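As written, the chains take the letters A, B and C, and residue 1 is the first residue of each chain.
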Amino acid sequence: MSQPSALVPSMDPLTTTTPPPQRAEETRPASVAPPSAISMRGFNSWYGTNQVLHALDLEIAPRQVCGFIGPSGCGKSTLLRWINRMNDTIPGARAEGTLSLHGIDLLDKTLDVVDLRRRVGMVFQKPNPFPKSIFDNVAFGPRLHRVYSRTDLEELVEQSLRASALWNEVKDRLDSSALGLSGGQQQRLCIARAVAIGPEMLLMDEPCSALDPRSTASIEELIRELRASYTIVIVTHNMQQASRVSDATAFFYEGRLIESGPTDILFTNPKNRQTEDYVSGRFG
Amino acid sequence: MIAVAARNAADIAERGTPCSLRMRAWFEGSIKALLWSLTCFTVVTTAAIISVLAYETYGFFTIQNHPEVSVWSFFVGTEWSPLLGAQPMFGVLPLVAGTLLVTTIAGIVALPIGLMTAVYLSEYAPARRRTVLKAVLEILAGVPTVVYGFFALTFITPYLLQPLSNSFGAYNAMSAGIAVGIMILPIVCSLCEDALRAVPQSLRDGAYALGSTKFDVSAKVVVPAGLSGVIAAFLLALTRAIGETMIVALAAGGLAQLTANPTAQVQTMTAYMVQIFLGDAPAAGIEYKSSYAVAFTLFLITFFLTWIGALVLRRYREEYE
Amino acid sequence: MMSGRAIATSRRLLKNRLFLYGCLAGTSIAILVLCVLMISIAIEGWSSVSWHFLDSFASRKPAQAGIKAPLMGSVWVCVICALVAIPMGIGTAIYLEEFAKHSRIKRLIQLNISNLSGVPSIVYGILALAAFVRFFGISSSDDHWSIGDSESFFYLHFPFGPSVLAGGLTLALVILPIMIIASQEAFRSVPQSLRQGALALGSTQWQVIWRVSLPAALPTIMTGAILAMSRAIGEAAPLLVIGGFLLVFHTPTNLMSDFTVLPLQIFNWAGRPQGEFHKLAAAAILVQLVVLLVFNSAAIILRHKLQKPLQS
């Protein structure tokens, strides 16, 4: 806190988080995508005149879980909401610099955000199921984007609910209201809803902060399973959670990226004093 | 806000409590009793309306030497001619049908436009434009209904309807219906907007994150989620349309007939009451008393509709609070 | 498959666009209607508005007719209505929001108030006719008893008959439910923390209301009151039921005076077949709309002032 030099972001422009070896075989070899799913250079963001993100340089590798940690108000959720341009719904939000997803410029004014959001799913802090049936919640996205016959749709809903480990609990009451589910179930339903449109990437904004420990454990379990098929970015307050679920971790403080790297290194041997203080629980 | 609270609270502390505990309790108690009696006044009002209407309606049905008046013939009779001829007829259906025709036209005009405007206001309009539009709607809501009646009579009929078809007379259900529609438009709009804005932002975010367009979000998430509020808004607006008096008295005509033809003139329940109370009929006569029976019918219909509207509204409030 | 999706996407974007245009069209209709209404009435009535028009009584000759009596009648009736309905509305709201506990009875009263707000105004006219004009027939109009002499300002007789006082009370009945609902919302929007802050310092419940809740809610209440009053100014139907005076040749001098109001005068002129009277009606409407705009602007300014401290 007292050392201003520590606030300077990591000067190395390529703090690339290479996938850890044990996950490498799960990455599809046929993938011709560039090595990074998300890459940002000199990324700045403002709400009105208030700058909330300063000169971020970060690469996020595909098919792994990247955790964003940092005290509240450090801009990690803002950054997440730029990746699928949810910030478009907030008046006065703007950004400069480079932010790309597989080489697509995400700050392009002409970008089709509807298509972007189909490719990048999002799970919110508080479960937000629509006041419809469980089935209709999961089928909402597929119905938007393509026309499925009823049987295809049923299959897709089942797959998505299985993928989010909810199928066994709800298979007998797909037509009952989603609002009748418990908080943890609702959040898994929201994950199923996001998975159902076949995204490449999932953004999770503190997905467990409104849940009890048992539901949290089931969501974390789910995240570990999902990383085989999706690039996942998860924002969390909870350092234990970050260390449990993420392969790579980025630490933010006051709108700046302080340090990023493989999770085990960041947590056991941080280069930066501030990171060390934070991950060891001395502040934040 | 905290500062205000602190200041007000400090004010109170400064003044202290001047009177003894007993005095204070007495003072507080009497104020509470006074306010309670004010609250009871609303119940008394309802009771008084019902008693007056019921008493006078009873008088109408038990009037001597008029075999044509019976409860049964009143509610199912298809002819209403209390002022004409030697044999007056008191079947309320033509008046009810006239009211329904005007209300239906008003609903067709106002409900879709009102809902669309509400969606625009709650989902699309930037803050400044929203403020301006709300002000415009507020002005529309404040325009006296007699003005809309005049507008229907001197503008809608001669300049909009009669050029379309010469079957429109000077008085017709269509012009009155359109004017009533304009009158209820601001009500539909502001109540629907309240309902739509009550839908939590998190649902919109969830839908956008799935790649919804604004149309998808509005039509498939926001409107369905706020549906009970929208329905309540529709019901309350239609109730206003049913009870509207001056527009139909000016523009719909004075001939009670059982018809669904919008070019024809019709008489509504309220218009009949105006005709009677304006003094066409001798007080204490059967025609005069019949207006109370009509008023009672009108009261029951609107009371029932608002009651349902209020129930629906309360359900939707409970959903989100 | 990509092209199929691209087509589907472009179709959805088109739908999105059309929907926006639909919403815009709906919204423009509201504005358009207001403009057409104002312009058509202004064209028809402008030539008749003059000082003479404001300062003369009704006449069978259109050229000499004016709106002095209805204008003053409207002022009298609305002042009485405001003096009765606004305090009663606020009082009821205070009881319901600050004193009443959540119970079945409170819910019933609440339901009753929302039902009352849906009762057609002409039905209130019938109630007022029985209650204020005739006192439920307790005393016939021939042998009414009175207070003061008929020249004085505070002259009263019972029953009231179709007087200014009865008119004001009638309108008060009509707007009371609106007033209650608006005030209740104002009290509900006062943060609970303010009340608790004051209670924690040892103020009584009434002190909390009088010194904390009411001042905090007052701007919102006043906005609601102005809008309710703009409804009262425009009401014609219930007054037509209680009085039926369409031609009055004097301004009210005390509470028992005969009266007519602007909307009734407009109704009277609009209902006549001759075009000259339609011109007069349009002119009277212009006057009425100016009053209305003044009221609405007051409400808007008040609301604007109200929002400012929240922004800083």
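Heads up, the rule we're going with is that a residue touches a chain if its C-beta (ideal position, glycine included) is under 8 Å from a C-beta of that chain, and two chains touch if they have at least 3 such contacts.
Small disclaimer: the values here were computed from a predicted structure and weren't measured.
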Category of the chain touch graph - line, ring, star, complete, other: complete
Pair of chains joined by the greatest number of C-beta pairs in contact: B-C
Core chain by centroid distance, with centroids computed from Cα atoms only: B
Cα-centroid distance, chain A relative to chain C, in whole angstrom: 54
Centre distance in Å when chain B and chain C are each reduced to the mean of their C-alpha atoms: 14
Whole-Å separation of chain centres (CA-atom averages), chain A against chain B: 49
Contacts with 2+ other chains: residues of chain B: 213, 216
Touching two or more other chains - residue numbers and ranges from chain A: 114-115, 144-145
For chain C, residues that touch 2 or more chains besides their own: 12-13
Residue numbers on chain C that touch chain A, as the complex places them: 4-5, 8-9, 12-13
Chain B to chain A touching residues, read off their complex: 126-127, 200, 202-213, 216, 220-221, 224-225, 319
Chain B residues touching chain C - in the complex, by the definition given at the top: 1-2, 4-6, 8-13, 17, 24, 27-28, 31-32, 34-36, 38-39, 41-43, 45-46, 48-49, 52-53, 56, 112-117, 119-121, 123-125, 133, 135-151, 153-155, 182, 185-186, 189, 213-216, 218-219, 236, 239-240, 242-246, 249-250, 270, 273-274, 277-279, 292, 295, 298-299, 302-303, 305-307, 309-311, 313
Complex contact set, residues of chain C against chain B: 12-13, 15-16, 19-20, 22-27, 29-31, 33-34, 36-37, 40-41, 44, 88, 91-92, 94-96, 99-100, 109, 111-127, 130-131, 136, 173, 176-177, 180, 191, 193-194, 197-198, 200-208, 211-212, 215-216, 227, 230-231, 233-237, 240-241, 244, 263, 266-267, 270-271, 278, 281-282, 285, 288-289, 292-293, 295-296, 299-300
Complex contact set, residues of chain A against chain C: 112, 114-115, 144-147
